[in-house]
Amino acid sequence: MSAQFKGIISYPVTPFEKASGKVDLLAVRGLIDRLVARGSHGIAPLGSTGESTYLDDSEWDAVAEASIKQVNKRLPVIVGISDLTTRNAVRKAKFAEAAGADAVMVLPVSYWKLSDEEIFRHYATISDAVGVPIMVYNNPATSGVDMKPELIVRIVKEIENATMVKESSGDIQRMHTLMQLSDGGISLFNGSNPLALEAFAAGAIGWCTAAPNLIPDWPMALYETCAAGDMKRARDVFYAQLSILRFIVQGGLPTTIKAGLGLRGFEAGAPRSPLLPLGTAGIKSLETMLKAIDSRSLSEQ
Amino acid sequence: MSAQFKGIISYPVTPFEKASGKVDLLAVRGLIDRLVARGSHGIAPLGSTGESTYLDDSEWDAVAEASIKQVNKRLPVIVGISDLTTRNAVRKAKFAEAAGADAVMVLPVSYWKLSDEEIFRHYATISDAVGVPIMVYNNPATSGVDMKPELIVRIVKEIENATMVKESSGDIQRMHTLMQLSDGGISLFNGSNPLALEAFAAGAIGWCTAAPNLIPDWPMALYETCAAGDMKRARDVFYAQLSILRFIVQGGLPTTIKAGLGLRGFEAGAPRSPLLPLGTAGIKSLETMLKAIDSRSLSEQ
Amino acid sequence: MSAQFKGIISYPVTPFEKASGKVDLLAVRGLIDRLVARGSHGIAPLGSTGESTYLDDSEWDAVAEASIKQVNKRLPVIVGISDLTTRNAVRKAKFAEAAGADAVMVLPVSYWKLSDEEIFRHYATISDAVGVPIMVYNNPATSGVDMKPELIVRIVKEIENATMVKESSGDIQRMHTLMQLSDGGISLFNGSNPLALEAFAAGAIGWCTAAPNLIPDWPMALYETCAAGDMKRARDVFYAQLSILRFIVQGGLPTTIKAGLGLRGFEAGAPRSPLLPLGTAGIKSLETMLKAIDSRSLSEQ
Amino acid sequence: MSAQFKGIISYPVTPFEKASGKVDLLAVRGLIDRLVARGSHGIAPLGSTGESTYLDDSEWDAVAEASIKQVNKRLPVIVGISDLTTRNAVRKAKFAEAAGADAVMVLPVSYWKLSDEEIFRHYATISDAVGVPIMVYNNPATSGVDMKPELIVRIVKEIENATMVKESSGDIQRMHTLMQLSDGGISLFNGSNPLALEAFAAGAIGWCTAAPNLIPDWPMALYETCAAGDMKRARDVFYAQLSILRFIVQGGLPTTIKAGLGLRGFEAGAPRSPLLPLGTAGIKSLETMLKAIDSRSLSEQ
């Protein structure tokens, strides 16, 4: 079932209307179409980039529904589920499944630190409630929860729907351990943009990234050169886009991607307060980087 | 206005009904009465201990209202406001003020890291919306936001209602810097239980703590010996309760305090899932520690 | 035996001749006399401040001998022993004992990380070789070795000569644990200058510090107010000197203390290369701070 | 000049005589011959693995001389220089050059933290004293000095003999930054064994490693597959040896490599106290891993 996911999984941002700050569902659909049209292997709405934790429940439901409908089976859709309570995480997962999601990507988030057992039960409870595959997602920097490889492998082995793993800690040694503990049998996705080259070298089968919002050809080219096993060309393709990958991560993905979409002519509004829009200097830097990469030809890499 | 706060500010947990998991408002009121009766200088509902981030909006409102009403002006009440969006933090602060809160304690929480400017505006926006004093609250371990002393002092100097600071990082050097940057003029509260002795030594005027739920006399005795400037007796009083202070922090305050309340004969239910109730071994340890401290006489310290 | 140590243990720097960079034994003796004359409870040559790890063996021996001789039993002397090899640490400890040291302060240093067993044997081997008391010294920031409280307490319990502990990690919780694990029975010295107030509050009986080189009255006053249990006056005395304590630590003790001695009219030369002398801006800051504290009267604190 | 270095640079341990603990020069020479015979692109005596910081000056000189003589121009030799004082680092560098070293690998080590300026001058002073190329070596975990990429690139650009860089922090992002700041023009060597695959992917031209003491074919095969740009085969070759690479790093290189050499039938003695020989359980684990890898055929990877 999960075998359908691999390659470049693109995260849309969640556009807000400029004046009201409300979710802009028209723009949600427009952005989905852009991402599908320009090349992705899958779409992941309501991830970190999608500001999902900043939405109230009705907003969340509306974005999930609109996104899945708009993809309309052209690509597999995996919906992000991050909620402080298991109760509401289950509600969202069921909603996503009912709305036609092909899979859910579950990120436990914490206020109080979670024990391994608490994390395990969180996944087990969600798995019991839905039939779609679950991507186990580790992103300690944003979620406050750090799942060690041993726990992740236990979850994948013991929880039925947990069939994929996304590692966003940025620690390549975690990926090594995941590969070793599973004898290479794990479906591993990378979620750390500046680690994209090495994650593929280490055996990741996919890269979940917001970069396709701005430079769709380049992540795709990195995936393809790596899938072909061409280390030298992959290195060139990677370094060509690295500055942008770092920039969008360091400035916060919703903030920088929304600014970059603006530069690309797509109005996605501001990130939700307390997040502020990217400042003038940041916009200028990003513009310079986008111009630089646009002037390069992929075929010359 | 904020001068009314000092000494021991007690955090109630938020009790849930055992079967349904719903907020148990009767128990909320019962616990408030316990805390008031056994000695506190202030009550802080909906703090970290109160699982406020695990409540939905209507639950949050109900707890805020019931708590303030139950205190009924016997003590000053400061209501915790931690919300990912500024919009909802403002809503909660206004609700608390309308319900009669004497102050609000604002903890910025993050999914995407916040810049100093984003944090500053979060406080400024809340301050513009209410008239009650604001306690600036730093607790990086739970909130994912770490406010350096320089930022905290800027907030206190520039934002009108921001008149108090609660530091929970556990780093005594932060308190030194806060005192130095404000020439000792800051109203500093400590929120790190295992640092209680040294925070008072360094100049804190109060201690926000959940310990009074279980051992009300001991935090009070520490405050009083410190207020009297008696370093030797304060040390004895502190070491007598240190094991319990560490235990409740390490196991997570809602988890351990709810277990301890059960041992004290007050049923507060389980913490909300994914949080699990304290395990059998933990309950046994806590019981042993409570028996040990109950057998000690404060007058012998 | 170790009961003789308590209070303010002063670290002299090791002066070098300006032109040759050689150890300046005349200045070594002069500095010892200054420290003894202006008030200390003990002298600790060849500590971190004494650049002991930058001396070759013959230099080290000469400084140890000259220092002990110059103190001439006026105060107890504890000689610092930090060496990568156990073999040379033993040699130095025996030399110090033969030269008349009252105790040795042993800091394990590492290139390759040491296991607890390796650290334990290092202490045991030195203890077997000498008859004087050993101060177990933890200073992870400089030595690369971090001894947890559990290991320190084991060393003190099982190794005969190990009777004192100096904790320089700056983590007050380590001191709490040392006190708890030893039921308050440990002879605890603080080595973190900016933690001096709180370490005394937590139960330290002494403070090993280079500050007396520059401001001898103030560390002594802090010790005395703390020994008297006067928390309020101790706080005032502490904050009065805190900026200087932080400055000398942040700039590196040999670097800043040598610069400060120059400002005090005592020529101690430069620290040994690659260490550089304090720059002009740093000297100016230090001068301002020294003038400020000199203008304050201790009796007004 | 430095172009001669690339590929697998092997670190010999420094063998000690079992009874006396003295340097075993006969074994030094025997080990050099083993490493040369079994395939390396260069030899690096007196590195971290060679316990150089645990040797006294005369021992160090003897090992440097014997090693260079024994290689006898069959391969380029780069001698490790790590000393707390610039003075003695210069002395060693000059000694190595006079003895015929092709290059020196300079690792600043610290007791007191070094500023960027202090580190820069350390390199500049050594460069002024010798004519051979210098490899700038960053290894914060052992040396206590962490050189950021910006500083490293400044050293390489401004100091004449500094022509190569060895990064052992294990942080792949450092390598990215080094490549970016130098426009790919830096001669980058990796010193973190568990990062070997990804470092080559990111553009390292060599790998400095002690692994050839135990499994000479495997590091060589990784280098060759990476040099050929074959990402898939490189991945297989890497994972086949990863457990051993991690084991030798986690247990400390001198400790584990000496144990492994014993298992390989080459007696190198114990590491120098306080370092202890590998324990029985560790030896058993290592033996199992060596057997497992010996049973694999490289041609099947």
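Letters A, B, C and D name the chains as they come in the text, with residue numbers starting at 1 for each one.
Rule of thumb we're sticking to: a contact is a pair of C-beta atoms (placed from the backbone, for glycine too) under 8 Å apart; a residue touches a chain by one contact, two chains touch by 3 or more.
Keep in mind it's a predicted model, so treat the numbers as computed, not measured.
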{"item": "Reference chain D; chain at largest CA-centroid distance", "value": "B"}
{"item": "Whole-Å gap separating chain B and chain C, where each centre is the average of the chain's CA atoms", "value": "39"}
{"item": "Whole-Å gap separating chain B and chain D, where each centre is the average of the chain's CA atoms", "value": "52"}
{"item": "Gap in Å, rounded to a whole number, between the CA centres of chain B and chain A", "value": "35"}
{"item": "Per-residue overlap in chain B, given as positions that touch at least 2 other chains", "value": "none"}
{"item": "Overall pattern in which the protein chains touch one another (line/ring/star/complete/other)", "value": "ring"}
{"item": "Each pair of chains that touches, named by its two labels", "value": "A-B, A-D, B-C, C-D"}
{"item": "Chain A - residues contacting chain B, complex", "value": "21, 48, 51, 53-54, 56, 82, 84-88, 108-115, 117-119, 121-122, 125, 141-144, 252-255, 271-276"}
{"item": "For the chain A and chain D complex, residues of the former touching the latter", "value": "170, 172-173, 176, 179-180, 184, 194-195, 197-198, 200-203, 226, 229-235, 239, 242-243"}
